[in-house]
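What follows is a set of structures for review.
Two complexes come next, and they have one chain in common, subunit A, joined by subunit B in the first and subunit C in the second.
Showing the complex of A and B:
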């Protein structure tokens, strides 16, 4: 089967809203940048995969259709919530691996700045009879998990604050990030509580923007600078969070779907010791506690060692660098966030990440998480194709 | 097909068309249909490693609806993805995953419950919020404009009444069609009630793999048209034409060799124009084809029950049944090759054509 490389990355800046831009303009902005980066025109593209999650956030149904380009080409929309961006990348890669396309343009768009209240929209992802009337939102859902992590593994608010401050400082080097706050762990702990134990500065912002990638078959790489997709996997878990709270060996905070995806993606990529073999991890963690929750699922540490792993990051430079872009706490354009993670991982591998470039990146991992962590994706990219 | 690409076969199929069944939730409807498809495929659930869905949040009535509907279609601890696109597009994407050797056996499912949402309101919301939506336009009105454009371009309407009668008779004869309930939307000129779809509650599931079975996927074609209605040649379905040509080219045979054509069209006119687009009717002769050609939508098409985004997959299932000789009272004798299509918003902007062949 063909191997797939990312040779074009395009991103708009991520902002609270882009009132001066239509959805079409945001899509075309990102797409044009990705095509320019790849050195390809739209005519060279065989398939277009669009990613947009809840229509209610944009207030316009199937808003991606307005950004239609390359008339006459196959054009399909993915909608898998938080993993929409990575699902779109995986769908595009499938067309190439199947031999149905040599070049695929994938894009993801978020217009949540148009929603009067994104949390009210997110509340509608939950069961309309049994859950919706509780104050269940993406924030309270994350708080539930954070408190479970504290009880089970000994995390303290300081750990979440350290992660949040590190991501905030990283975002300051990323001109595309939505937030550029100069904050310390103390600032995080002093920020208002959203839902105990989560403080405002531990949470992601609500961001708008678009991201696009050009994927090509090995035969089209030529002298372009590629980030090879070495491994990719997606897994879905149960809908009801209650089913996962006491599930033996795979509780709500064990992120079974993420660990299953990681195992498959690592196996495909030939990764056996992730903490040694992966230099950069771009994680879809909308809250700093969610980032900590992902470490053991991705094989970076044991669950019980999580707090010490967070502490070690400040001193042990051999550990992977987490979210050098600032991650979702720097910008969270939900439909696009999982694609942004892959885009940032690809930029790192291609040595094109500018001020946020980490030295010596040969391999990076990008994750996607969506639907109350029901959906998880893992994508490993590297500077060499699989042998 | 290249040598490297494995052939993909259809194993189990199931379709459920009803109306406002208060005894079953949407998830129960999806579960029972998927269960039937798995059972009919005679392969255990354990052998299925991926799930590909076509469903739309606005149709299902909740954001990220696949959270609750996905597990009913077998997604628990499997590789699942969901397209907010037509079922035939999701089918095409699922086939590529088998061809790419990313999956060995997959469930493909699509659904929509017209009895539980305002179909016209959702359709209106797909149009541009500034320049189109304020007119109150929905997809049926675009279908009416398409019918007028087609007539202006010389479309032969002499057989319209006969085509309408045959379509409704086919739907009545189809054992899988909606028998009780449903809703006929209001027709805009020049459409009349006989041309219209019948809104229904529909769930469709099938399983596919690279293991040989009675029906194989012989060709896939996909295409798209401009966003703005004014930029399209409304009297033709240029995107469908291109998609069908691609699918037939891959299959290696022409439209004249097809025994069954199942077109996903919103109205009788859309189905007739679709017959022209895929090449079994001459330009302007689609209505005559609908009236007299036994290959044209033997299922009764949209008259048998309609709810996006399930329709492309429903058309595929009807075509598979014909090729399996299992279509019952609407069986086309000696059917060996079939083409099924699916289209999606906005007003048939994207198209998928699937060519199927009995092995």
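Showing the complex of A and C:
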């Protein structure tokens, strides 16, 4: 199979809204920047993959129409909820791995700034027969998991607050992040309670913006600056959260789909000791509890050691750096968020991350979480191709 | 372009729909309305009793077979206490939880009543100890998932 490299990254800033840009202009901004970074024109692109999650967030049906670029290319839209962005990347990479394309442009757009209430829209993503009558939203869905983590593994409110404050501080170094708030764990705990145990400053913002990547076959890398996709895996699970609560082997908070994706991506990338071999992790964690669930799934610690792992991050500098971009708690353009994780991981291994650059990154991991965690993706990128 | 007056055009989605529950969920809803009981269906492969009832087990890719009444009591597994009003959603504070009813292998979501919510942190401590609950039906069931809720025992 061919090897795939990311040679172009384009991102708009992520903001509450971009009233100065139409949907087309947001996509075009990110796509043009990615092509410029890659040193390629649109004629060099064989395939375009568009990632846009629920239309209702933007209030525009078939919003992929805003992403037409060039003429005469296969074009696919992907929607897998939160993993829309990484699914788009993997779809593009599959074309190259299969030898059906040499260069693919993938983009993801989030236009939820046009919605006056995202949580009202998010309620409609749940099952209309058994679930939609309840106040299920992305926030309450995360809260139902957080309380289970507290019961099973001993997480306390201060752990959620510490993760949120660390990501907030990291976001201040990222000019593209939506929030740049100077907040402490105490500030998080004092902010209004949304749905126990989630406080306002722990919840991701609703952000809009676009992200684009140019993926190429090894033969096109030349003297371009690559982030090699060393391992990539996308895995599904049952939808019903209630079915997973007592499931033997992997409960709701064990993130079966993420741990399966990690095992497969690590095997492809040759990662055997993730805590030593991965320097940066860009996690799809719109809430602190989502970050905590990812640690054991990605092999960074045992589930029961999660609370201590959070505490150790403040002092043990040998541990991987989590979300140097600020992660989704700093900006959450939902359709694009999983692609942003890969983009940020690629910038880190290409040493192009500006003020948020971590020293000595040879390998980074990016995750995606979608739906009621029935979709998970793991992408390992590095500064060398697989041997 | 920086001095241009930016235009935004108002939009509203107000489409009407009728969501088809299908024969299995319809039977589940009829059981709520007529017999005031909660039914699950068994997967012949993994042998789990799936609640709420459905026509197939998505993990095993098998049709479910026998129907079985579960509850009315059960164990509250995990919960949240909604504390902030969001547009279009019910008025807080309220407790929403997954409960595994006795005889079921999966949990179902509904609202929980019977908690003193004047101190939310104290209520949360109590709810995070796997408390027992029972099912309470409304006076006039309509054949909807909202015909019942859970009551702390």
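Assume the second predicted complex is superposed on the first by the 387 of 387 C-alpha atoms of A that agree within 3 Å, B and C clash if a C-alpha of one lies under 4 Å from a C-alpha of the other, contacts with A are read in each partner's own complex, and residues count from 1 in each chain.
Quick note on the criterion: a residue touches a chain if its C-beta (ideal position, glycine included) is under 8 Å from a C-beta of that chain, and two chains touch if they have at least 3 such contacts.
All of these numbers come straight from a predicted model, not from anything done at the bench.
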Does the superposition put A:370 against subunit B (first), subunit C (second), both, or neither? first
Using the superposition on chain A described above, determine whether A:238 touches subunit B (first), subunit C (second), both, or neither. both
With both complexes superposed on chain A, which partner does A:81 reach: first (subunit B), second (subunit C), both or neither? first
If we overlay the two complexes on their shared chain A, which of subunit B and subunit C does A:273 touch? Say first, second, both or neither. neither
Under the stated touch criterion, which partner chain does A:246 make contact with: subunit B (first), subunit C (second), both, or neither? second
For A:150 in the superposed arrangement: first (subunit B), second (subunit C), both or neither? second
Once the shared chain is lined up, is A:136 touching subunit B (first), subunit C (second), both, or neither of them? second
Is A:317 touching anything from subunit B or subunit C once the two structures are fitted on A? First, second, both or neither. neither
Look at A:117 in the shared chain and tell me whether it touches subunit B only, subunit C only, both, or neither; answer first, second, both or neither. second
Of subunit B and subunit C, which one touches more residues of subunit A? B
Taking the two structures together, which residues of subunit A meet both subunit B and subunit C? 56, 59, 128, 238-239
Quick one: which bits of subunit A touch subunit C in the complex? Just the residue numbers, please. 19-20, 56, 59, 114, 116-117, 119-120, 123, 128-131, 133-137, 140, 143-148, 150-151, 192-198, 200, 238-243, 245-246, 252
Within their complex, state which residues of subunit C touch subunit A. 1, 6, 8, 11, 13, 17, 19, 21-22, 25, 48, 50-52, 58-59, 77-84, 86-90, 94, 96-98, 100, 105-111, 120-121, 124, 127-130, 144-146
Please output the residues of subunit B touching subunit A within their complex, sorted ascending. 2, 4-5, 51, 56-58, 61-64, 66-68, 70-71, 75-85, 89, 92-93, 95-97, 99-102, 122, 125-126, 128-129, 220, 222-227, 238-239, 242, 345-346, 349-350, 352
Spell out the part of subunit A that touches subunit B in their complex, as residue ranges. 1, 24, 47-48, 52-57, 59-62, 65-68, 70-81, 87, 90-91, 93-95, 97-100, 121-122, 124-125, 127-128, 233-239, 256-257, 260, 370-372, 374-375
